[in-house]
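The structures come next, written out as structure tokens.
Consider the two complexes below, in which chain A is the common component and chain B and chain C are the respective partners.
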Partner chain A sequence: MKQLLVFIRKEFYHVFRDPRTLLIMFGLPVVQIILFGFALTSEVKNADILILDHSNDVQTIQITSKIKASSYFIVHGEAKDNPAIENYFKRGTVKCVLVFPPHFSSDLFHNGSARIQIIADGSDPNTAKTIINYLTAIISDYQRENFPSATLPYQITTEPRMLYNEDDNGSLNYIPGVMALILMLVCTALTSVSIVKEKELGTMEVLLVSPFKPVMVLIAKAVPYFLLSMVNFTLILLLSDFLLHIEIRGNLLLLFSESALFILTCLSFGLLISNTTNAQQTALLISMMGMMLPTIIFTGFLFPLENMPRIFQVIANIVPSKWYFIIVKAVMLKGLGFRYVWKETLVLIGMTGLLLAIALKNFKIRLQ
Partner chain B sequence: MKKLGFLLQKEFRQIFRDKTILAMMIAVPTIQLIIIPQAMNFDIKNINISIVDQDHSTYSQKLISKIGSSGYFRMISADLSYQQALQHIENGTSDLVLEIPPGFERNLVREGSQKIGIAVDAINGSKASIGGAYLNSVIADFNANLEINQVTVPTNPAPAGFMDITYSNWYNPLAEYKYYIVPGVLVLLLTLIGGFMSALNIVREKEVGTIEQINVTPIMKWEFILGKLIPFWIIGMIVFTVGLTVCWAVYGIVSVGSLPMLYAMAGIYLIALLGFGLLISTYSNSQVQAMFIAFFFILIFILMSGLFTSVESMPAWARFISNLTPVTHFIKIVRMIMLKGSGLSDIKTELGYILAFGIILNGWAIWNYKKTS
Partner chain C sequence: MEDKVIVCKDLTKKFGDFYAVNKISFDVFKGEIFGFLGANGAGKTTAMRILCGLSFPSSGEAAVAGFNVYKQQESIKKNIGYMSQKFSLYENLTIVENIEFFGGVYGVSRKEIRERSDKLVEQLGLQQEAKKLVGALPLGWKQKLAFSVAIFHRPKIVFLDEPTGGVDPVTRRQFWDMIYDASASGITIFVTTHYMDEAEYCNRVSMMVDGKIEALDTPGNLKKQFSAETMDEVFYQLSRRAVRKDD
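On to the complex of A and B.
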């Protein structure tokens, strides 16, 4: 037992000695939380649009000023002719052009209806769709206020309720995803170099000829990264609570135990990589470059999994972060209890057992 | 100049010696470019819906069948109460609940309006808002086709003030997401390969100890850096070509704008990117250190570059950081040339940024590479 503690201390020295390891371990989570909390948003704000007003009458001016007043758009002057639109799009200075045809007002009153044309830059289709929706909503709003007779006499209206997220806090969806992503990548990458480093430097031989049991070497490697990852997780939790004001609804004990389980899964995976490779470079190429995009995609926090082709949905099942993401959403954001996540927990336990078994099997205590 | 020739010969031999790394540099981006964009799909189709119908009238039945036939929704359950439906949201099988209150039909016919409740699982923000918007448009359509509306509207003289909004998406009439994401992923993969490989390069000579041998030769600093840069530049251009071929063969995306200009831009971008990698390499002592630093920056570059979310919607400080990452500008250039056919005068600002990055990063790398320790 005392031997083990000495070895664990040695591993801690390794981690704290290198500022770059600390940068990955603690710098990355902080930066990611800040970026996802404050910088990245899937909503559209400050979209640059152009208004091409061929009639310039009371109604078009009123609609224009209504659009200008909304925080979604920045109106970039008013173009006078059609060919100019193409130039604006090609330079990428505007995302959308709103065109009022000539005689807008007289059409509206004498013919009963007038046309408005919206031309969007479809090279960014999601932004284009959102802008079209926003503009349509602003115009229908104007129409309802000023021409109530043009609306339908019988109407079903909807009363939307945003469950779990009344303030429509956009970072809410990202935070469990970032947690899963960071723990998965950082924990796996750091563990994956731990044993292969000893192999590369030749110190593995020293460890193996010592009276210290070989399995204890693995445990001594895993413990520091486990503890550091738990600290890391606590840090992310504190940041999202105090900086992003995300209410943690669920049981903290459950959340911590589930996270400990997930960290164990990642550690086992890291140890497996470390035991099966012979160079740190290979280990890192697998755990960082190879894993980065699959983890980002198959966790399901940026792109909904249900939309993917069947085969990808199947592949996503073997990515541990997918299951952890589901658990964190349920426990942390919805405040649900264990009986809602026992299946996912079981999957993670199974994965950990399997990965650990293969890692141990590949742990060679003899030199070739 | 002759010295540079020998250096290049050495670098190419080193690269071709390790066939697995070479295969990885070409194969990994190709495979990822084929797979990843298919997984990145924002076109939300199957929204799971739970319905609580407490009215059981003709109108409520019509509304439900209209929602079912719209093609966007998948009916998960018909529940007796809201509490029961909420269970489906809690265990994640349902995304939204539609609640039709008792007296729905009576109120609609007598009072002309009736509210129905929609509860969405708002943790998944994009799905919630898109699902809510779809449901609203289905209901608006249902309103317009209501029999009582059909009867009353024609008897009125055409009411004034109806605004008919038409819209069109230029460059991408069907608003398909692949046109947006495929060029972005191409840039991303080029960045991953170029950034990681060049970051590992000089530091490997340090680790193996061969850098000492180079340092004692009369090779100039700029010759050494150039000797490192050119082979990776050529590999980068090959990766880019393979990527463009995949875009055409798999996704049917062909550059609208001039191809030589696209290549010229890629060439300049690669110089800037490789300069960044070499700079990291000169600041590290081991390959692991170099990879950690490269990983840290590349992950930030990816998120800030506007690949997934638009840069314009970011707050001012984030837009400032975004402008300081070369990836942002190259993604913008590639999308503009490939999708819209923008010309040189349209992209001059972005080009200016990339040129500046190329000069600063490479100059810095040459300056920081010390031949004496």
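On to the complex of A and C.
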């Protein structure tokens, strides 16, 4: 036990004296949180649009000013004719053009229907769809205000409500994902590199010749990184609370325990990687690059898993961060208790056990 | 010569059909400086790993410090020290922290570590550098320090695997002075080297060729036996018989 403490103290010396480790450990989370929280947003704000008004009557001017008043759009003057529109799109200066045909008012009042054309830049389909939705909403709003149910005796109005996210905070979904991503990358990479480093430098040999048990080497390596990862996790929580204003609804103890479990999963992964390679570079490459893509794609925080082909959905099941993501979303954002996430927890426990067993077995085999 | 600290009888290590170590038998006595020589790939490292308790032999018997290499690896490890050709201290720890770490791993008490490490730092004349990171020391100093750390817990035997690789002649000489001191204090030295002048410093030398020990005697007797002027020549004559190539 005393030997273990001596070893753990040594590991802490290593961490705190290596600027690169510190940077990965504490710099990466801050950068990622800021990047994902602020830069990666699917909302559309201040979209540049143009209006081509062939009618210029009361109704079109009213609609135009209503659009101008919304914070979603910046209306850049008015185009003169149809060919000019295409030029704007080619230059990429506007995202959308709204075209009022001639005789808009008279069509509306005499024929009972008028048309507005919305042309959006389809090369960016997500933004285009969002803009079209916003514009359509503004126009139907106008219609409701000015011609209240005159023609429709029965009207169905939808009243949407964003449960768990009433303020429509766009970074809400990313944060649990980013948490999974950071823990996965940092824990796995640092653990595997720290073990492989000892092999590369030749100190592992000396440790193996010493009476210190090989399994204890693994434990001594895992403990400091486990503690540091918990600190790291706290840092991420604080950042998302104070910087991104994300309310943590669930039980903090549950959230920390689940995260501790996930950190263990990642550490086991790191130990496994360290067994398969003898070079720090390789270990770093496998754990950083090899883990990054599957984690980003299969966790489900950027791309909804439900929309993927069946085969990918199956693959996603073996990615630990997918389960952790579900747990964090449920606990942190929805404030649910353990009975809603016990299945996912069980999956993570199973994965950790399996990874750890393989890692330990490999470690022993290598010693023979 | 009285106490045998290493006893080897028909020690064999097979990897598949390949005999890395083929029925070697020898004894090493207490306080002796035993040179374990051989070309690369002759099986030195494999034999040494068995004696250090890192791997099991395929057949044959061996005991180190009185402990069986099959059953008592843990006891063996407590009684030996080890230093490899690769520098084996932590570069981003200070001298004292390194000593504290390795002393701690071998279960030396904290009080004893403090007393002995003060003395050691003084002996090595490193008082000025004691708080500096080991990475900042010149290679010669590092190797001397590594040796001191390897015998810090007062082992019965210390295994040195090409300890002086890449070290300048003056430092090598100083290094061997330290080996003599350790040997005089009763620690058995088991050393591999490729420097034949160092072989001359050993009490007895064994020569390994293709997994077998082809010669074992004092450097003087070996030279007589092979009617050679230097150990260099003895080594050359023996190694030429090797069928196996460097691995």
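The definition used in the following text is that the second predicted complex is superposed on the first by the 360 of 368 C-alpha atoms of A that agree within 3 Å, B and C clash if a C-alpha of one lies under 4 Å from a C-alpha of the other, contacts with A are read in each partner's own complex, and residues count from 1 in each chain.
Convention: a contact is a pair of C-beta atoms (placed from the backbone, for glycine too) under 8 Å apart; a residue touches a chain by one contact, two chains touch by 3 or more.
These numbers come from a predicted model, not from an experiment.
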**Message:** Under the superposition described at the top, does placing chain B and chain C together on chain A give a clash or a fit?
**Reply:** fit
**Message:** With both complexes superposed on chain A, which partner does A:127 reach: first (chain B), second (chain C), both or neither?
**Reply:** first
**Message:** For the three-chain arrangement built by superposition, which of chain B and chain C touches the greater number of chain A residues?
**Reply:** B
**Prompt:** So, A:218: does it touch chain B (first), chain C (second), both, or neither?
**Reply:** neither
**Message:** Touch test for A:210: chain B only (first), chain C only (second), both, or neither?
**Reply:** second
**Asked** Given the touch rule stated above, what does A:18 touch, chain B (first), chain C (second), both, or neither?
**Response** both
**Item:** For chain A as apex, the angle formed with chain B and chain C - C-alpha centres, to the nearest 10 degrees
**Value:** 100
**Request:** Could you say whether A:244 touches chain B, chain C, both of them, or neither, answering first, second, both or neither?
**Result:** neither
**Request:** With both complexes overlaid on chain A, what's the closest CA-to-CA approach of chain B to chain C, in Å?
**Result:** 14
**Request:** Share the list of chain A residues that count as touching for chain B in one structure and for chain C in the other.
**Result:** 18
**Request:** Could you pull out which chain A residues touch chain C in their complex?
**Result:** 2-3, 6-7, 9-10, 13-14, 17-18, 201-203, 205-212, 367-368
**Complete:** Counting only contacts in the complex, chain C reaches chain A at residues 52-56, 74, 77-78, 80, 82-93, 97, 100-102, 104-107, 133, 159
**Request:** Could you please specify the touching residues of chain B with respect to chain A in the complex?
**Result:** 24, 28, 32, 35-36, 38-46, 63, 89-92, 108-109, 112-128, 132-133, 135-136, 139, 142-144, 146, 148-149, 152-153, 156, 158-173, 175-177, 179-180, 192, 196, 200, 284, 287-289, 291-293, 295-296, 299-300, 303-304, 308-310, 312-315, 318, 321, 332, 335-336, 339-343, 346
**Asked** Which bits of chain A are touching chain B when the two form their complex?
**Response** 18, 20-21, 23-24, 27-28, 31-32, 35-36, 38-48, 87, 89-92, 95, 108-109, 112-129, 132-133, 135-136, 139-140, 143, 146-147, 149-150, 152-166, 168, 170, 172-173, 189, 193, 197, 280-281, 284-285, 288-290, 292-293, 297-298, 302-304, 306-309, 312, 326, 329-330, 333-334, 336, 340
